[in-house]
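Since the structure comes first, as structure tokens, the remarks are kept for the end.
We just call them A, B, C, D and E in the order they show up, numbering each chain from 1.
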Amino acid sequence: MPPILALAFGLGLWQAVVWATAVPHFILPSPVRVAAALWENTALLGAQAAVTLGNLAMGLGAGILLGMATALNLAISPSARILLRPLMVFAQAVPVFALAPIVTLWLGYGAPSKIVMVALVTYFPVTSAFFDGLMRLPADLDDLARQMQARPWPRLMLLQLPHALPSLGSGLRLAAVQAPFAVIIAEWVGASKGLGHLMLLSNGRAQTDLMFAALILLAAISLCLFLAADRLARHWDR
Amino acid sequence: MPPILALAFGLGLWQAVVWATAVPHFILPSPVRVAAALWENTALLGAQAAVTLGNLAMGLGAGILLGMATALNLAISPSARILLRPLMVFAQAVPVFALAPIVTLWLGYGAPSKIVMVALVTYFPVTSAFFDGLMRLPADLDDLARQMQARPWPRLMLLQLPHALPSLGSGLRLAAVQAPFAVIIAEWVGASKGLGHLMLLSNGRAQTDLMFAALILLAAISLCLFLAADRLARHWDR
Amino acid sequence: QDKLTLMLDWFVNPDHGPIILAREKGYFAEAGLEVEIVTPADPNDPPRMVAAGRVDLAVSYQPQLHLSRHAGLPLVRVGTLVETPLTCLVVLADGPVQSIPDLKGRKVGFAVAGVQEVMLNAMLAHHGLTPKDVEQINIGWSISPALMSGQVDAVIGAFRNFELNQLALEGKTGRCFFPEAEGIPSYDELIYVADPTRMDAALIARFLTATERAALDIVNDPDTAWQIFRDTDKALDTDLNRLAWADTWPRFALRPAALDLGRYQRLEAFLAASGATPGGIPAADLAVDVSGATE
Amino acid sequence: MTAPDLHLMGDLRMGDRLLCPGLDLHCAAGAWTVLLGPSGVGKSSLARLVASLPCPAYLTGGITADDGASLAGRVTLMAQTDQLLPWADALENVTLGARLRGARPDRGRALDLLRRVGLDGHANRRPATLSGGQRQRLALARTLMEDRPVVVLDEPFSALDAATRATMQDLAAEVLTGCTVILITHDPLEAARMATRAWLLDPAGAAPLDLPVTPAPRRLSDPATLAAQASLYRRLMAADDAA
Amino acid sequence: MTAPDLHLMGDLRMGDRLLCPGLDLHCAAGAWTVLLGPSGVGKSSLARLVASLPCPAYLTGGITADDGASLAGRVTLMAQTDQLLPWADALENVTLGARLRGARPDRGRALDLLRRVGLDGHANRRPATLSGGQRQRLALARTLMEDRPVVVLDEPFSALDAATRATMQDLAAEVLTGCTVILITHDPLEAARMATRAWLLDPAGAAPLDLPVTPAPRRLSDPATLAAQASLYRRLMAADDAA
């Protein structure tokens, strides 16, 4: 119930802003116009959304799996840590989005560049959050591991991993928030399909209502993704 | 020492890629070319970086302060929670970056639109992480608060707040990672100054080396920001 | 001093020669104007910023004016900056595309959505192709790199005075297909647009007169003009701009305020016939001559 | 606030499990009611119920005060785990109650209590740097600061050596004079010393235990105390054999 | 692995604080060495040192085994806090050691130990749903599963009632036959029952305590045990008065 209420509230606010400021529709269309655009362009929007979703899913999958694998690797191998850890910090700080044009020039305007962008943007937060969690084993469990002469791998799996699940959850939440941005930016920078591409086109054609319809769809996708990640993360939160 | 090593490693890798793939300089310039561009355009880059940094700092400050205030408010007022909490989840899922063109149209090409974008992009992760931390008081401390008949405000300040500091730290880390993206996107979408604008200009003029010089500067800013947030967050991590 | 905000269509480049020269030589100041020049990030922005009242004047493209008007934006052309088409469809000379029909099944990149789409479709239609026969890709800002790296087979929206030179600098040869040679009526590439309900015609007339003086200076002595232009910003002093300058200055409108209503009427009719707009806006509503306005 | 008499009535249940049937415990004001019983019988659950804290167990007959008023806000519970704030030092932990209620904490009293529980000079140390017994004494000091008419102590001295334990018992008895105190313990000597009345809870029900007739707290050197300890001890061992 | 004799020598210090001077403790193989002493004297720190765990305290003379080999990997410590994994159930907690070493856990033995510590039927419960005493018994079962020649028990029965405590003592004595056991406790009766040798640690140093000549564990009904308890108790109370 409250989410529906909040949605209604948000839409109401939007409509109120449109009325109150008499903002021209080519800057901010009213919810009604956007709803109409959504309704009239269902097929077009659906097809573009499917493309975007596919890239999103593949990029997320790759980024999360690679990120988890890297974190586990770093956690178990001290030598990997010495070289890779600072590199990770650097890499996380580089604005991955700013690399979008280069990635696109390299990989072309098709799906691969989108997938790589999404993977890049999910990889770092997942790796970083998960790794931090893995390394922050509480003192009493570390004592236990020492006196039980834990081998590195079971120590990782039985103590560090379960303890790091909430951190992994944070990482996934973050990845879920960033991934839709990444796919949109990648589509802005160069694409012939997808919701981002559609936004750009309709923006160029001064069809602001269609652009907002695409934006709404994108927001819905983001929301679902975020809620899924959040659910998982909450499940892991002790 | 290790960070310097990692930096050297990264630069070496970059140069190696340039040599090995013989990639044209307008796609990926070599580190040497970029260094030269950095050196020749110090004044230009410095001036643009100052603009970007100023917007970044103001947006971050506003976003963090507002975010913390919102989280504290939500934590203390159940009625605010009922309406605002789902709205927060929605808002977090809306791709704030996708709103950049509209924010720019509204607020113009000057500093305000950049500051608002950065603030938007920092506000949600800070609010959300901090609020989650505030609400996740461990059961034994909650017992304590109940039986001591804690008033809401001291309960917030003495129990919830200290317990939520690590979560706030995660939020700040996240904000530090996203804020530079936001300012760059805002500068891409509409600006006449700043590093993002410079990147766009030099990209448009096929001065890829200058673009990379701007990117490097941006990465340095991001890195400092991230390290500062990380330091704070680590300090708060129990 | 009266204030006037002008939004360019793109970052500063030789296309804006008369504007920059007028500023540098003090013609704006002499005309009692304080002109603030703003660059956009998205070339679609300038007409909207004018329509939203955020700037007084914007540099736009004539086809964009028609499209914007049909989208309901209150705009009117008040002056001309470059009076010939600049846009062209560029391919690599040694590439697989030797004529427009060769585009069938290939990838065409565009930089600016909307206008260039209409251009491309019209050129395709002239050769019996439909928009579905090519894959249209938005390539953002990387027009030349996209072509040179082979990610697209052709780009629409390249400027003949610009991208060809850029290709040459990288050792490639480009080939241009001109819209006006492929069935599209000739038009003014760069025009000034304003909001007719809000504009101060007399102020704009003063602005146009100042740029007119600058345009004449340029044709009279293009080399000195280039040096002045180049010295305004270190970032402008590039080989590309030097080459582009030579290709651009002959195309500046020497009578920026003068109006050829026929051009507006013909393009409006053409766009309607090709299905891009419903048509029907009289040329006199699209473009006005402000030179007679007084305060 | 004068201390109320408490009445604990009915079956102690958790879900459909019966933990301890037929309770009918009377806890007199100003007296120490001691509860003993095997591990897992539900003593801590009962303590939480008295303190109105959320708990999966419930008492079918309820818990009532003889003055008819609700117990909420009149009870302080020293739980089996120390519940210390890890980020606060000893003094801050002891003054937590007042600070949580938005009142000005009585620093002098807090420092005095810290001294009396033997943590003199440890006021600025965090819980993590204290020994197990020191942490328990810190939690005791915090409980004694609370000044509530009803006090529930759940194995409050279990981590202390005999001498410290006796000192802490005396301290608690003195500070809690006049309160309605419920003490949960596994130590028969502690029960023999401190109990006004004592009950043995086990899965069969609650049984009253024999105590010396002298008023509590009793002297350790008193032969009656030692005799009571021995008899309680035998009783506890027997209860287990029966169960 | 046969159990070694241990030798604990020197001053127990923490930074520049002297916790307990002049230790010279001999812990014989197959015997129970019991340590008593006031809260905060450094018993738990000593336990950690024996188990080679990081600890801010140190022993100037070191800890040596009579077979000359290092102690690392030969000691298991049951700490004062239960150190249970909150996300694992009782059975998983008990079998943790083997699983951490990458070995196949002996499920049958684990279930048997769970039964013997009285947690029959609780194998699938998480620690958070257990009572304080149940958690302590779970930690005991995990320690007993470890099968190490040197075992250090830090107040292992402190949360148990008298009857359960006696049962657990018997269980530990049986399972740990032949091991070198160090038991830290505050309970004089426990010391009197279980100790082969007992030491009182206090800030003045370590003093040996008198015990019955009968071999440990002693029967609770044995008058010598009770007499030893009484005398130990008096000694503990006196030590405190002196300190």
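Keep in mind that, in the parts below, contacts are C-beta pairs under 8 Å (C-beta built on N, C-alpha and C of every residue); 3 or more make two chains touch, one makes a residue touch a chain.
The UniProt protein names, listed by chain, are A, B = ABC transporter permease; D, E = ABC transporter ATP-binding protein.
Computed from a predicted structure; not experimentally measured.
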Intersection of contact sets, chain A vs chain D, gives B, E
For this structure, which two chains have more C-beta pairs in contact than any other pair?
A-B
Would you kindly tell me how far, in whole Å, the mean C-alpha position of chain E lies from that of chain C?
87
How far is the middle of chain A from the middle of chain B, if each middle is the mean of its Cα atoms, in Å?
15
In whole angstrom, the CA-centroid distance of chain A from chain E equals 51
So, in whole Å, the Cα centroid of chain C is separated from that of chain D by 86
Overlap residues in chain C, where contacts from two or more other chains coincide
42, 48, 52, 141-142, 145, 149
Considering chain B alone, which of its residues make contact with at least two other chains?
27, 101, 105, 203
Contacts with 2+ other chains: residues of chain D
81
Identify every two-chain combination in which the chains touch.
A-B, A-C, A-E, B-C, B-D, D-E
Okay, in this complex, where on chain A does chain C touch?
24-27, 101, 104-105, 108-109, 188-192, 197, 200-207
Complex interface listing, chain C residues touching chain A
42, 44, 48, 51-52, 67-68, 71-73, 107, 109, 112-115, 117, 135-142, 145-146, 149, 151-152
Interface with chain D, chain B side, in the complex: residues 140-141, 143-151, 153-155, 158-159, 162-163, 238
Across the complex, what residues on chain B touch chain A?
2-3, 5-7, 9-10, 27-28, 82-87, 89-90, 92-95, 97-99, 101-102, 105-106, 125, 129, 136, 170, 174, 177-178, 180-181, 184-185, 199, 203, 215, 218-219, 222-223, 225-227, 230, 237
What residues on chain D touch chain B, complex-wise?
48, 51-54, 73, 75-77, 79, 81, 83, 85-88, 96-97, 99-102, 146
